[in-house]
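I've put the structures underneath this note.
Consider the two complexes below, in which chain A is the common component and chain B and chain C are the respective partners.
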Partner chain A sequence: MTAVLTGLRAWTVQRVSAVYVLFFFLTTLVWLAVHRPVSYAQWHAWVTSGGVRPAMMLFFAALLVHAWVGLRDVLLDYVKPLLIRAAALGALALGLAGLGGWAAQILISA
Partner chain B sequence: MKFLIYRYNPETGTKPHMQAYDVTLQHGDHMLLDALMRLREQDDSLAFRKSCREGVCGSDAMNINGRNWLACITPLASLKEPVTLRPLPSFPVIRDLVVDMTRFFRHYHAIRPYVIDDEPPPERERLQTPAERSELDGLYECILCACCTGFCPSYWWNPDRYLGPAALLQAMRFIADSRDRATAERLEFLDDAYRLFRCRSIMNCTEVCPKHLNPNRAIDRIRMRMLKHEI
Partner chain C sequence: MTTRSGAPYFLDLFQIRFPVGAVCSIAHRISGVILAVSVPLLIFALHRSLAGPEGYATVVTTLATVAGKAALVLLAWALGHHALAGVRHILKDMDVGASLGSARRTAWLALAGGGIIALVAAVLVL
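Entry: the complex of A and B
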């Protein structure tokens, strides 16, 4: 992922994902302010209605890719020994993939 | 006027240290470089670079009270005492305030700082319209003093692989040049994880440019040109 998501591509992905994350976050805030769901049933109904579920999946995907590019940049800047860097990048990739899988599992089973 | 100056001479083997000086200024001493010249009358072992004395050559770039600037255009009246002088941060020190610029100029040469045009030369010069020429404004004025590069945290972290703001501003100068025919190659050269994209828009470069240029904007312009080129 480091090799394919680098330079201009990584920079573009980070900005596009940031725009989507912000858009989804603000839209969700507006929905919460208007509908004020007070029960799990209302919340569940919203998540499973229309295109909310795929939009939410896309939100988590964008958030994780955004985090990957940003944290990978931090590791490239600060972690110089190659072995430690590779281990840190691997742990980061595993952690983010785990979070992504967890989010997907919750959304699919909802 | 009181000074605190970084001293290091690898030939003597003594460790780097800060040395205090008290300089008596004379009539006509207005700039920091004047004070340094006066100081050297007291201590001729102090090493620093200078040449034009008017902010054109960029030789006397140094860290003045924590901020990179040129000694020759720094009014003494603007400085808080003791005036602390250090060499440009992140540059290897040759002696006292003199730094090794080899790596800096290696990055500069890497961006191929000349117009590339393999087409047959015209009978007279290659002309530009006034609009094409104005594209170079804010870029060609760079004097390569290294104030910006020496104050860039991204450069401190990756000095060997990140080109730094000065070289990138120069890269944009040739990308923007209507006479140049190597734009695609220049953009491809910069498209990797380190050369350009280590810039995090911290903007220290713009803050300390003694020619009041904006390397951060030049870097943004390269990114946008790259994006357009890719699309």
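Entry: the complex of A and C
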């Protein structure tokens, strides 16, 4: 479990995901600022239009992978007993995977 | 106190003077944890906002409450500091600002930038 996404690969994933998350967040912020006050119809139309839906799915995937690398580091730093550490990492992985499934389901059915 | 090898160590957190890089670094971690904890709320807000006009209105009015505004300002600080400290890391990976002097300056910049972003957010939501 602790070997999932380590070393140079984790470093690369952390940085690539960070850049995309920041890019997508700023894009959304600009869209909200330009169109404000945003109505439900506008918001729904934007999220479900063309490339926005897959781009938002990629945003959540990148965000959750980024959170995995960061929170995994935090757990490895502070949780030393092996069993508790394995349990915490497992719970974290399950939780993040569940959040990803939830976000995907929201965007698919929107 | 000394370590087994004889080197002195001193870990009184209330007396240690942290260098600015250490403050920037621990703030990067704290802001990251705050942002991670807020992800389920973000997804829930996405769910409600796309569920229909009533759900969308609920999200908007919830964010307009005192608690909602306070949460937005906290998240603005967390995101602002985390992003600036992250950009600082990526630039240091590329050897930009990696010397001790400039690393101290960019640590101050990231800390100040996070505060400024939080202030701007506070002005915007109030």
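Note that in this section the second predicted complex is superposed on the first by the 106 of 110 C-alpha atoms of A that agree within 3 Å, B and C clash if a C-alpha of one lies under 4 Å from a C-alpha of the other, contacts with A are read in each partner's own complex, and residues count from 1 in each chain.
Methods note: contacts are C-beta pairs under 8 Å (C-beta built on N, C-alpha and C of every residue); 3 or more make two chains touch, one makes a residue touch a chain.
Being a predicted model, the structure only gives us computed values, none of them experimental.
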Request  = With the two complexes overlaid on their shared chain, look at chain A and say whether chain B and chain C clash or fit.
outcome  = clash
Task = Based on the superposed arrangement, let me know which partner A:12 touches: chain B (first), chain C (second), both, or neither?
result = first
Ask   = Touching A:34, do we find chain B (first), chain C (second), both, or neither?
value = neither
Ask   = When the two structures are overlaid on chain A, which partner does A:103 contact: first (chain B), second (chain C), both, or neither?
value = second
Inquiry  = Taking the superposition on A as described, I'd like to know which of chain B and chain C A:71 touches: first, second, both or neither.
reply    = second
Task = Compare chain B and chain C by how many residues of chain A each one touches, and report the one with more.
result = C
Ask   = Can A:83 be said to touch chain B (first), chain C (second), both, or neither?
value = neither
Request  = Going by the overlay, flag which of 24-32, 42-50 or 96-104 in chain B ends up clashing with chain C.
outcome  = 96-104
Contact residues common to both interfaces of chain A (with chain B and with chain C) = none
Sites on chain A touched by chain C in the complex = 15, 18-19, 22, 25, 40-41, 43-44, 47, 60, 63-64, 67, 70-71, 74, 99, 102-103, 106-107, 110
Remark   = Given the complex, residues on chain B that touch chain A span 154, 157-158, 191-194, 196-198, 200, 223, 226-227, 230
Remark   = chain A residues touching chain B in their complex are 2, 6-8, 10-12, 73, 76-78
Query = Any idea which chain C residues touch chain A in the complex?
reply = 29, 32-33, 35-36, 39-40, 43, 46-47, 49-50, 52-53, 56-57, 79, 83, 86, 90, 93
